[in-house]
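Provided herewith is a single structure, encoded as structure tokens, for subsequent inquiry.
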Amino acid sequence: MSDVLDSYQLLLKGAWVTVQLTLYGSALALVLALVFGLVGTSRLRAVRALNRVYVEFFRGTATLVLMYWFFYSLPLIGLRFTPMFAAVLALGLNVGAYGAEVVRGSVNAVPRAQYEATVALNFTPLQRMRRVLLPQAVALMLPPFGNLLIELMKGSAVVSLITISDLMFRAKQIQASTGETLWTYVAILVIYFVIAQVLQLAVRLAERRVDRMLGRAPSREASLSTIAAGAPGAEVR
Amino acid sequence: MTVDWDWSYTGDILPDLLKGLRYTIIATLAGYAIAIVLGMVWTLLRRTPFAAVNQAVRWITEFIRSTPLLVQLFFLYNVLPSWGLSLSSLTTGIIGLGLHYSTYTAEVYRAGIADVPRGQWEAATALNLPRSRVWLDVILPQAVRRVIPTLGNYLIAMFKDSPLLLAINVAELLHEAFEVGSKSLMFLEPITLVGLLFVAVSVPSSILVRRLERRYATY
Amino acid sequence: MPPTDTTPDAPSPKKEAAAAVLPRGGAPGIRFEKVVKRFGSNVVLRELDFSVAPGERVTLIGPSGSGKTTILRLLMTLEKLDDGLIWVGDDTLWHMEKGGKRVPANQRHLHEMRKRIGMVFQQFNLFPNMNVLRNLTEGPVRVLGLSRDEAVERARGLLDMVGLADKIDAHPSQLSGGQQQRVAIARALAMEPRVLLLDEVTSALDPELVVGVQDLLRDIARESDLTMLCVTHEMGFAKDISDRVLMFDQGQIVEEGPPDRIFGEPSEQRTRDFLQAVLAS
């Protein structure tokens, strides 16, 4: 066990790469989720179709397959990505698709009466979204977003398979050099767990803020629709 | 950009890929069976009156759910043999998938039960039904309807996670694709095919699940 | 959690305050010409004709599903018109002139027309993501282009009028239903509409909170010259507030007249039946 702890520097390095991947990946995912999610609330069928194609396709593909494809296949037709770029792209595209469905569902779940009040006050369509619908939808989005953030962080472990030296990758290195299989894996599982708990705490704090803004009591346990958000076929309502 | 897609090569590798698909499907279905049953066990244990059991199960499932499946697979693959448990990589993979996803199904069951409106419990109490009747006749039938679509979705999610088993040398789909690619140094065709196969399976099945959801949503 | 406010709601608003903040002049009349509205195969309004004079107060009564609320929602552009014309003042609401022809209105035309119209809803529909002040200033600032200070000043005047000056920083969820509805009335008036639509504005309130809202609306009716269309099941209130009552059934006007006559000696059997049913409840 002490051998493993001696390599704490390697572990920290790996953890930092994992955190970076999570942050970049979720930034990309958030942008994609908002863009394609809002596109999905359009009144025009053709515009909505854009959302459907993105969501169904990227929820349907496995992140690892996508990552392999970016990393091993695309170079053969002249598109070369750095491993880090391929990884962030695959994670972001994948989780962004789940997020887009959350955004679309949450905006549509804001009571219709709120929309009607904005019409009665003569808001423009952009103002309706920006001032009333989106701020209220955020409250509905946050819990499933929290789940997706954890999913993305966990999903980042696969980047070790395309040579990125994240936490998982370092574990294999340490295992090879120390021969300490059990403690190596226990150590990195604990680190992953701690990162997840910190992320969860951050989302909880954000949830509490939004709940205060909307003057509602925070919910304590995840609802069924929150849990379903991380699964491919889920229809968020 | 020119895309050099080799059709005859595509035809050559297809049998290998289909063989991989077989393992993918076996791993997914067997893992799912474990997840469905084990999730139920977690949920029941969390409802026991013993606070210690309750909390222990809560943290164990939380731990498994918030750490990567890939790491868990390596853990099982490398550590179990040193404890004298030598399992094939496929079996290890199935156990890993099942264990990981059991923590999700447990959450689904819990939320499904919590989702049954309070008024239903109160009505059942007002009718003075015995506890077992309340569960069997009132709560569970409603909870099951609510959770079926989500459980279906997690079957698809597991299918999509099954490529991770390649890391512990299970000859599943992506593993096979990578193998044939390495032999010829042509990765475009096999990996693209695998991607398409995944989409071809998961998109129709998620549409199917959504149909199911619409049907079950209306009483 | 919504507060359970059981104290009698609100002192009656101050009339001076009302006179000070309510705009005067230029209230348009309204005319429906052969208006048709369908929901699927269900025809709710069938070639409906009626008009409302500038500054007139008209109450629509009738059994549910008779099309009263649909009329208000068409005027607020919350439902699309299927056929016919709706005039607000000298302009058509759902159509505009283009090259000498009458064509369906575009977003800009609707935006211009909506400036004349305000609506108060059954369920208040305050924005939960804003406090009371912002509920009142958001529209004036973003839509009318008022400066922040002007909007705040207007909001203060209106809150004073509705008797809720002390709730300016409160959150909608901290208010009772009656208070929320009075804020909603102030919010509608902050946009300085010339036509005010009231859609069953006291139906969602606890009985003891109804009076406060009704008193407020009576004062507004007395101190302003707004054209008002009101859908309500409160016959006493309808009597007080309106110049004319229209009795609807199945998308058509069964009879109309001054409130005293309609409530006192209705000539149609359907009106008698309806009034009896309402009074019995």
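Letters A, B and C mark the chains in the order given here, with residues in each chain numbered from 1 onward.
To be clear about the criterion, a contact is a pair of C-beta atoms (placed from the backbone, for glycine too) under 8 Å apart; a residue touches a chain by one contact, two chains touch by 3 or more.
Per UniProt, the chains are A = Ectoine/hydroxyectoine ABC transporter permease subunit EhuC; C = Ectoine/hydroxyectoine ABC transporter ATP-binding protein EhuA.
These numbers come from a predicted model, not from an experiment.
When each chain is reduced to the mean of its CA atoms, the one lying nearest the mean of all protein CA atoms is A.
Greatest centre-to-centre distance from chain A is found for C, with centres as Cα means.
Looking at which two chains touch through the most C-beta pairs, you get A-B.
Distance between chain A and chain C, defined via averaged C-alpha coordinates, is recorded as 45 Å. Here the spacing of chain A and chain B, counted between their Cα centres, is 19 Å. Our note on geometry: chain B versus chain C, Cα centroid distance of 54 Å, whole angstroms.
Shown for chain C are the residues in touch with two or more other chains, of which there are none.
Against chain A, in their complex, chain C makes its touches with residues 1, 76-78, 107, 111, 114-115, 117-119, 121, 123, 125-129, 138-139, 142-143, 171-174, 187-188, 191. Residue ranges of chain B in contact with chain A, taken from their complex: 1-4, 63, 66-72, 74-75, 78-79, 82, 104, 107-108, 110-112, 114-115, 146-147, 149-150, 152-154, 156-157, 160-164, 166-167, 174, 178, 181, 186-188, 191-192, 194-195, 198-199, 202-203, 205-210, 213.
Residues 113-114, 116-117, 119-125, 127, 131-132, 135-136, 213-217 of chain A touch chain C in their complex. The part of chain A that touches chain B in the complex is made up of residues 56-57, 59-66, 68-69, 72-74, 76-79, 150, 154-158, 160-161, 168, 171-172, 175, 181-182, 185, 188-189, 192-193, 196-197, 200, 221-224, 226-228, 230-235.
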